[in-house]
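Consider the two complexes below, in which chain A is the common component and chain B and chain C are the respective partners.
After this line comes the complex of A and B, so read on.
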């Protein structure tokens, strides 16, 4: 290994990146676009669920229920309907996800028997949203129920029953506002690094083959290891800069809490970058066309990062075989580390397992990459 | 250095097979220090494959070769330190400037820092690119690109230089300049193996190795090959009809070869058969109207075409 040759290689690669608009765009603009897209676009929270009301009674009580539905911000009462045909049309045209129907003799039935029904109709094409909307509506009705019960008891001079008064007071840790953005954004760092790192490096060797510069390069004394390290150095720097950009945007723009220490984050990011760059380089050595290399890189890095890392789909919820599979999906470790550092303020003591996992992957991939390239044509 | 004193490049039984196809077939060759060896042969003759084996880029299937005293198989790293190589396809970085390319190869070849300005200036001057050093390489014309590639290949003053068709696609005037550079380097003691398919360029070489289908067919200086390569005297015959004349001549005593050359015949005559004086009468006998018959000096092209076709005849009759 010779430092002079390594630096010559790294300098040449840097010049080429600087002059290639495509590489520059991937390196600098892509992280911002992705951050904006994923930060604003991907939200697992459902607020202001469009809701319609068919209030057949139109009494003081029923109007009170309608305003309760609208009050919390979780549901948004868009329309008050006046016929069953109106309900059907509103649901057919997807103007609302839920329609609450209050029957004609609601107040009277309630007064005479002590109980009355309210109907809620749901558009269940999106099961997840429907479940959430159902939860919201049940919550509102339960609250209304308690109020009615209290009033009824007071009016009849009876002691307020404790039944139905027990209220659950959940305490959420680490993400107090239950904001899914706080859950998503730390993982976005992994997605962006995977995308940028592998895309850029997957082209680095295939480009030399396609442009015919490889034959000249391998006729020189430069060693395979110097080629690899020289080529990966500038991309490693880009990766770390991109990670820093993402971190700043996450903390200062999206107000994601950052509770851990920077050193652990830096170490984990460096390890993950090495894995990603190593994979990109391996692909580049094996696939000699730039297009093919870029496609495969996308498949090998983005797929596991978005689908199997726990970034969007919780690993606990996956079927057992898939859950086992995630153990060999390297982004899983990084996403775990990122969330731990961002939201829980975890350090090396808590995160040593995923850090070790990532470290093993980094060593393995770089070792494979170093052995992959041969300075021969046959 | 190696046992063969003075030889910078030695090949012994050098062979390369790609599956069933033999690209280079037991090649023996020895190039002396400071010699310009021309490598001539039709496309697919095995020129590039041989050069790549000398550079350590592909492994020989059999036989061995040493370059600057190092074995191309087992000491390929040492070989790479001592050679300059220009591949057939232009292979500098088009998105780097002239100076950046030179600096890159200087770094890769570890040219000492204190020599760097002088080496770069030399390369720029040699390539005639002094006022274009900050131009991106892809904007340069062919001749300049080739000279820059040569400049990069000799950045580290290698004792041996392999140039694979360096002048292909370059305009004639620029080719001439390139050959002057080659001779300048050779006079400084650099050993050069240069392949070309321009026959007139063969004349500029000290010696020529003609290869065809992976085999060495002829080896010698240009004059030597011209005199002895045909196996007889070359005679130009003006006559009609050409077809009848060829039929009559093939197999006639003393006739080594007869071929149509533009609107005339080129006939190779060995001693002891027909000659310039008896040829017109022979043709007339066979119903051919013979005009001017004269001896002409053979070009290297005549010699090479003759030798390559002789090889093909031998194969087709075998």
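After this line comes the complex of A and C, so read on.
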């Protein structure tokens, strides 16, 4: 390997990137746009759930329940319905996510038998939102229940018994406000690196084939290893710049806590970039059409990063075979490291396993990539 | 005109047939992603790993823990002996929640002074934490009422009637709260969009990049025939893709399809017209395939995130919510989910279909105009 030839190759590739300002601009603006989109657009913790109410009784008690549904800020009563058909229509047209139905003889049943039902109907096409809304409504009804208990006890001159009562004292670590932004944003660094790295490198060799400049490249004295390193170096720099942009936006704009140490993050980011770039290069060498290369690159980088890495969907909830599969899904290790460093303040001591996993992948992929390219035309 | 158009179409189909990557990239990613979403995409919270620190060690504390285990939502993976072990389990991701029962728990229950129960939730995944906290509340409430019933003397139990309000929950359209029923219809729309937009854009940009666009321009084909010839194959492929993925969803993943296939067809047609229009528009911005690839992501990713595919639109800030109004995928997802799960028809969906038609008309007009002027340049 000759450093001069390697630098010449890197210089050629840099010039090529510089002369295509649109792609470069996109590679650098992408992290900002993605961060903005994911930071603001991706929120799982829905507040102010649009709720409809069908109050068949319309008594003092039932009106009280309706106003306590609206009071906490978790639910927002948008519409009062007046018939079963109205409920059906509101749910069909998705005007509200939940409809609370208070039956006709609610107060009377409660007074005579001591217990009564309230019905909550959910538009369960969105399962996660349904689960969250269910929790909110259950919370409100539990409060109503406590009030009714207290009123009953007062009316019968009995003290409110705490017999068998548990006072729940929950505390949340690492993400005290349970803000889904703090959960999503660290993972975005992985998504953006996968996106930009795969996007740019997967086309780098296949383009030379498609445009016919490969013959020129082969007739020069550079070796296969120099081609690889020369082609990947500029993209590695772009990847690290992108990661730095993401980091700054996350910490300074979105106020995501950063509790760990920067050196570990830098090392992990470099390893992950190497894996992504190596994969992009490997595909680029094997697949000579740019369209094919870009599609395969997306499939092997973006798909695992967004779906199987734990970035949005928790790995421990996946079925066992898929969970086993995620062990070879390299973004999984990076996402674990990112969350650990950002939210938990973990260091090398806690994160050595994922770091090792990522390191093994980096060595393996770069080794494969270095062997893949031969200076032959057929 | 039809003769020239059919010649152009034959050329395009031949090219598609010879380009195994186009076929590959249309079918394989759809099937793989479908399987990945079907099996891996879940927001449900089952078997949350839990560490228990029981400092009271008696009947009440054991009964509480068995309430947690019996719910099926929590799995006790570790019995800690002190706070440090709890801390370590949560720090190392061995457990997501910690249940800490302090000494005196049973005593507080029995003399009615309210027994404190400490729960620690590792909140790195805020969604799991939020839902788990809801379950914990329910489990503890059940435990409390069981204990109250057990501890009260029989005569007092008679004097104090069981009073209270019960909430009956009725999840419509997806009674079993199956995640798949939510994600798979969504995958149909988003994957089709991704494939159709990028294939349309790539097909045109490649002709420009390798220089065959000029050859076509000097042939007697008119611009509009060229555009039709380029877009019709991808429109048809997209339709085929929707059918394929829908069949996998219905047959393999058993997602119910209770609506009218004609409504689905109408929605798909309008959606594909809009997608083809977007692809055409993107092609006018790019000289090389690398640029097309980059632009694709620039446009497709926002469409994807702001569609309600996984993240509820109701949880977005107002500005982004307005943006979703011009997103064809948002409307198509409503159509797919409504037809699959709700079984509603044109009577309910006409506003959505009209909005898609309007978006498709604008997209096609703008892209054709821009495309024609980009040919002159």
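Note that in this section the second predicted complex is superposed on the first by the 363 of 378 C-alpha atoms of A that agree within 3 Å, B and C clash if a C-alpha of one lies under 4 Å from a C-alpha of the other, contacts with A are read in each partner's own complex, and residues count from 1 in each chain.
In this text, a residue touches a chain if its C-beta (ideal position, glycine included) is under 8 Å from a C-beta of that chain, and two chains touch if they have at least 3 such contacts.
Not measured: the values here are computed from a predicted model.
J.: For chain A, which side has the bigger count of touched residues, chain B or chain C?
T.: Per-residue touch count on chain A favours C.
J.: Does the superposition put A:20 against chain B (first), chain C (second), both, or neither?
T.: both
J.: Touch check for A:210: first (chain B), second (chain C), both, or neither?
T.: It touches chain C, and chain B stays clear.
J.: Could you say whether A:118 touches chain B, chain C, both of them, or neither, answering first, second, both or neither?
T.: The second partner, chain C, only.
J.: Tell me the contact category for A:218 with respect to chain B and chain C: first, second, both or neither.
T.: After superposition on chain A, A:218 lies in contact with chain B alone.
J.: Output check: A:148 vs chain B and chain C. Expected answer is one of first, second, both, neither. What do you get?
T.: second
J.: Residue overlap on chain A between the chain B contact set and the chain C contact set?
T.: Common interface on chain A, chain B vs chain C: 20, 211.
J.: Sort out for me which residues of chain C touch chain A in the complex.
T.: That would be residues 19-22, 24-25, 28-29, 32-33, 36-37, 39-49, 64, 90-93, 96, 109-110, 112-131, 133-134, 136-138, 140-141, 143-152, 160-175, 177-179, 181-182, 198-199, 202, 206, 209-210, 286, 288-291, 293-295, 297-298, 301-302, 305-306, 308, 310-312, 314-317, 320, 334, 337-338, 341-342, 344, 348 of chain C.
J.: Residues of chain A touching chain C in their complex?
T.: These residues of chain A touch chain C: 20, 22-23, 26-27, 30, 33-34, 37-38, 40-50, 91-94, 97, 110, 114-132, 134-135, 137-139, 141-142, 144-145, 148-149, 152, 158, 161-176, 178-180, 182-183, 195, 199-200, 203, 207, 210-211, 287, 289-292, 294-296, 298-299, 303, 307-308, 312-314, 316-319, 321-322, 336, 339, 343-344, 346, 350.
J.: Quick one: in the complex, what on chain A touches chain B?
T.: 2, 4-5, 7-9, 11-12, 15-16, 19-20, 211-223, 375-378
J.: Over in the complex, which chain B residues touch chain A? Could you list them?
T.: 18, 52, 55-59, 76-77, 80-81, 83, 85-87, 89-96, 100, 103-110, 136, 149, 152
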